[in-house]
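Both of the next two complexes hold chain A, though its partner changes from chain B to chain C.
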Partner chain A sequence: MSSSGRAGRMPAGLSMRPASPFRLAGGSGRNWGRSQRGAARAGWVLSLPALAGVAALLVLPIGQAFYYSMTTWNGITSTWVGPDAYLQLFEDPTFLRVLENNGLLLLAMPVVIAIPLGIAFLLHEQIAGWKFFRSAVFLPTAISWVVIGVIAVRFYALHGILNSMLSAVGLGFIKTNMLGSTHEALAALAITLIWSQLGTNTIIFITGLAALDPSLAEAARVDGAGPLTVYRRVIIPQMIRFIQFAFIITVLTAFTAIFSLIFVMTGGGPDYGSTTLEFYVYQQAFSESAFGTGALLGVLLFVIVAGISVVQVRVLRARI
Partner chain B sequence: MSQQAEQTELARSADQPDAGSAGLAGSASHGSPATVSSPARTRLTRRRRIRPARIVMFVTMIAVAVVMLYPLLYIVMTSFKSEVQYELGGGFSLASWRILVSSQPILRELLNSLIVSSCAVALIVVISTAAGFAFAKIRYRGRTLVFVLVVACMFVPLPSIVIPEYVNVSRFGVLDTYWGAIAVYAALGIPFSIFLMTTYFRGLSDDLIEAASIDGVSMWKMWWRLGVPLARPAMFTVAVLQFIQIWNDLLVGLLFLQNINDRTVTVGLALLSSGRVTSIPVLMAGSVMSIIPPIIVYLIFQRHLVRGITMGMGK
Partner chain C sequence: MLRRRSRLIGGLSVIAAAGLALAACGNSSSSGSSGSKITLTFWENYGTQLSLLNTAKNLIHAYEKLHPNVTIKMVSQPANNYFALLQASAISHTGPDLAVMWTGLYLPPYADILANLRPYISQSTFNNIEELQWGAEDFNSSKAILAMPVDAQFYMGFYNKKDFAKAGIKQVPQDWNQLYAACTALKKVGVTPIVYGSASASYTGEFNPWYDFSYLMIGALQPSQWEDLYNGKIAWTSPIVQDQLARWHQLFVKGCVNPDALTDANNLGQFISGKAAMTTDDGSWDVGQFTQEMKGNVGAMPPPFSVAPQHGVVYFPGDAISVMKESQNIPAAANFLAFMDSPAGAAQIAAAGLIPDIKNYQSSNALNSQMLGFVKSGYTVYPMLDNVTQPQIVNVGYQVLPALMVGQTSVASAVNAMYVKHNELPVAQRSSYAAYFGG
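Up next is the complex of A and B:
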């Protein structure tokens, strides 16, 4: 696949600079000026639908959210609170709990990087049936969080798959009920998240491995390095930018894209034990009718995501 | 031992210089002896033996595949049981599928999902192909600024804007219509899709366009006659990525299509799963139903999906 190779060689991350601008090599004299004006018009008209759509449906709402965030608004009456709204929120123990849950989800990150790295190494060795294995690992990417959640509920349930597996190996006395426990519900959520992200990260790492310069690893082997040393000292360092990319993508997913998983698996409970910031937005706004607080939480989430993205772009730029 | 391992490693790297090249699957790959020098040949002969490490790797991957595929097998198997068979363990029947179709508006929901996802995907593809061409191939003032603004919106999380979005969509009177949901889905998909399309167009040579512009062809015609046909592979990638994403979304559907007649299959399934009395095999049948379209798209267009993710890593 030529294009994946091409993409793979390139540094991960956004380049905000458009590449070498196409120069109009128009004819001489006034014809030139006219065609350039025509080109500029075409450029604007072609990009206008995108600009208008993004401005109306993404940029404007962020502004609105910022405004709403400083009000108390139950859907009918709205009162201006001002910046104090932010300070009040940090005195709310439930909010702190939710923030802590977001932090705890980060504990899953080493696993969600390490396992796909291992799988990618194995697939890269092109063991028998690697194409089938690649498809199998990647398949959950096509499955909705809702269905994954439905399966996960069956897996963790009191009479579910996990417990029957435990009793099958003689550990029946454990009888877990992770989704019913305030602390374990978040762990169950994290494990499900790991399972579903294996495919995406594996694909990222396979691309990375395919783009490596094989001569470095070869040189190390000639110098007598064993396979493990080669991986640790030569291959992993070259993979850093792919690991970073996978890390960012997974954090963004965990913070902003698993609403449906929480909705189906735990509903945020028990006792906010598995509520993350994005789910708290929904709960506040659409269950408690606290639209102002919901908007405020949304703005905080936006700030967190923007922060992560800026760091991502910065770090990659510095590296390039 | 380490020396032997080293030699086999060397032999393999000589054998397969490019891992991306089409599959020399497994340990039984054969180098062509005619083309290798004699020391390499002895190494190759050694390599033909299946090494224990390869077996361990293979078994590990089997275990991984079981972990990944068993859940899917489980929902399919369970959907073909009646409530009683599910409780007791054995047997198969179509009872749960019959209950699903008669008690849930599942066919209507599938149709709704299809309408909403296809319209949103069509909008996204057209808009991003146009803008991507403009950003990559046409030079005009303000281009960089607009590009940065649009693409930076990739990082606007849906939960952050869902409340204002809800307010606006109701103000425009398109709440609980397809149009509201389609517009929101399209807007959410556009920034990343434009990023992909711009990346793709930048990778294409300017030669054709320059030649055409010398001939006095307008930018419009170039976009339509040259850009669009050349961009077909990238358009596929965008369409596949967005279709799967929109089909599988819950939040937008949950809030913007609340009528039972308008709701998408993902929403229907989430509500079904939160019902206390729902029969589990029926729920599984619904799950199977809802993942069939994205899985078909996945199986047919897997290559495009993978390319979309790797292209996302950027240029």
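Up next is the complex of A and C:
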């Protein structure tokens, strides 16, 4: 196949820029006649229901959330506070602690990426029993967060599975009660998150590996590169898009989808030790009926997740 | 094919909408005493609290028998976000007729969605209720009555008599020193002195610290001083509070408490089986279960968290039922509540092992009688501390106090978190209890 691409064969006068979705009949500005204007109008009219739906279901609630974030709304009545609400929040030591927890949870992200990537490489190489392992690794994905949480509680309990396993291998002197420790509860959550994300991320990476052009790796091998060099220098750079995708999905999960895991495992405790921003939204809105603060935290959570995603995309784009 | 399917979906939607509309409207008749059919919906958040569930079932069964035209549908709601659900249902006009409500400072945030029961229930019924003011507007029983108490509750500690005898403990501990000594004796015979766990769990999943905290403050302050905790005249960081919490934490340091106090899911089972000798984060709602499973082997003891002999007891109508303002059947729903606090209703409540909240009630249950005996013998009666503390501070307590007990945070840090939350509250929410209404 020629590498010149379609652009090289494109007839003169046609722009690469996509046409307006409402220019149904196509055509240039000079030929912009009555019929085209009618078609454009029809396009807008036909789009109105969808636009109204988006406005009603997305724009309006987001706008409302933003408005209520600057009020003391208890679900029935609200009092305007203004942008000061944001400043006041940053003076709250509990909120700062919760932010810190989210930051600590981010530290688990390299592990959530690295382990599935390693497993995907092994499965891609079709090691003995790879079909079984592929299913086994994917299994956690099919289990609900609540069930995972219940299992995790039993696993980490003082008289639970983890300590029994440690005793069985002669390490009975290491008695842990991770969920009862302010500093270890978040680690227990992170480990559970890593386990539960194993399947999703492994499948993403297996798909990525299967889609790669094998000729590059073959060429590298012919040039004398060892397996590790091939993976590090040839395969991983080609996998960046998949790593990026897995990273964003995992950050989104960690920040916005493990509510039920926290709820079942720790309730955010002890002493806010495992309260993330997502869980704090619930505590404020539903335990204290401080829906205004809940909305404020929700807006901040959105900004943080969007910010991390943008930074991550930019960093990786710069490396490609 | 597509059109047929969309027609089918459209048809089903119409039927579903009609069904929902009918369900929302319910029956529009107004009084339970008339002959017209009435269906009342009752939301409860009792979870697995058997005595409360049985009480509700008993009351409904007895009431329906007396009023064959009335059907009461009990709907279990999740305890953790029960009040948010109730509020949302009131806003969207899909709420129940009757709903479980907590009294004290839990009540004011929902005052706007609750019906005033005064026009529907006779004054003689109100006169018969203990501590009615905690379910009334501005905590004044001559104003609007927003919640009718179900039962009079004790926060209470319980002890296993056989374990005490085995350890040679002849007198039930009454102060810190006696408690520490009992703890040493119990450990010597291989019994866990005090067990904590998630049976009393708050939304955090850890034990509910406010039962113990109530007795810690009983050991340090007079009832009138509790309002000073509310209004900040006595700061949560004051030495009085810190000293009591430090002694409480010593229970863990001295090994008087199970090491997995935050995560033990079978603490009640350990107490009932005798593996643990005392449980303090408990109350009268478990009397039915203790009586059934431990027979005469269990005794009640006000947790002795006091330097001087403990002489106070938490006795408070914490659990109540309200009628929603939205209800189309307010008179009928109120009639059910009047029945609940009548002698016939009291018999149903007592049958489930609880203490009806009516004046001069005599219980036939030995444990209940023992607890009522504390009040009769002159113990100072206190409310539940969490019912007279701002809910926002109560929530902070749920997080920091269990962690403090097991040494995961310091006393200073824990009380400071409560102090900070107190200062964040609007002034109207930290002046007087009554001002919390509308504050």
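The rule we apply is simple: the second predicted complex is superposed on the first by the 246 of 320 C-alpha atoms of A that agree within 3 Å, B and C clash if a C-alpha of one lies under 4 Å from a C-alpha of the other, contacts with A are read in each partner's own complex, and residues count from 1 in each chain.
Just so it is clear, a contact is a pair of C-beta atoms (placed from the backbone, for glycine too) under 8 Å apart; a residue touches a chain by one contact, two chains touch by 3 or more.
Everything quoted here is computed from the prediction, not taken from an experiment.
The wider contact with chain A, measured as residues touched, comes from B rather than the other of chain B and chain C. By the touch criterion stated above, A:P116 is placed in contact with neither chain B nor chain C. Residue contacts after overlaying the shared chain place A:S287 against chain C, while chain B stays out of touching range. In the overlay built on the shared chain, the residue A:G43 is in contact with chain B alone; chain C does not reach it.
In the superposition on chain A, A:D92 contacts chain C only, with no contact to chain B. When both complexes are overlaid on chain A, the residue A:I76 reaches chain C alone and has no touch with chain B.
Of the two partner chains, chain C is the only one that A:P270 touches; chain B does not reach it. Touch criterion met: A:S181 reaches chain C, while chain B stays clear of it.
Overlap of the chain B and chain C contact sets on chain A: residues 153, 263-264, 267, 282, 285-286.
Considering their complex, residues 72, 74-76, 92-94, 153, 156-159, 177, 179-182, 263-273, 275, 282-283, 285-290 of chain A touch chain C. Note for the complex: chain C touches chain A at residues 80-81, 83-84, 87-88, 91, 109, 112-113, 201-206, 259-265, 391-392, 395-396, 398-400, 402-404, 406, 408-409, 413-414, 417, 420-421, 424, 426. Interface of chain B with chain A (complex): residues 2, 5-6, 9-10, 13, 16-20, 23-29, 54, 57-58, 60-61, 64-65, 67-69, 71-72, 74-75, 78, 126-128, 130-131, 133-144, 146-151, 153, 155-165, 167-168, 183-184, 186-188, 190-191, 194-195, 198-199, 202-203, 206, 209-210, 213-214, 216, 218-220, 223, 233, 244, 247-251, 254-255, 266, 269-270, 273-274, 280, 283-284, 287, 290-291, 294-295, 297-298, 302-303, 305-307, 309-311, 313-315.
Per the touch definition, chain A reaches chain B in the complex via residues 1, 3-8, 10-19, 21-27, 31, 35, 38-40, 42-44, 46-47, 49-51, 53-54, 56-62, 64-65, 68, 119, 122-133, 135-151, 153-155, 161, 195, 198-200, 203-204, 207, 209-210, 214, 217-218, 221-222, 224, 226-227, 242, 245, 252, 255-257, 259-260, 263-264, 267, 277-278, 281-282, 285-286, 291, 294-295, 298-299, 301-302, 305-306, 309.
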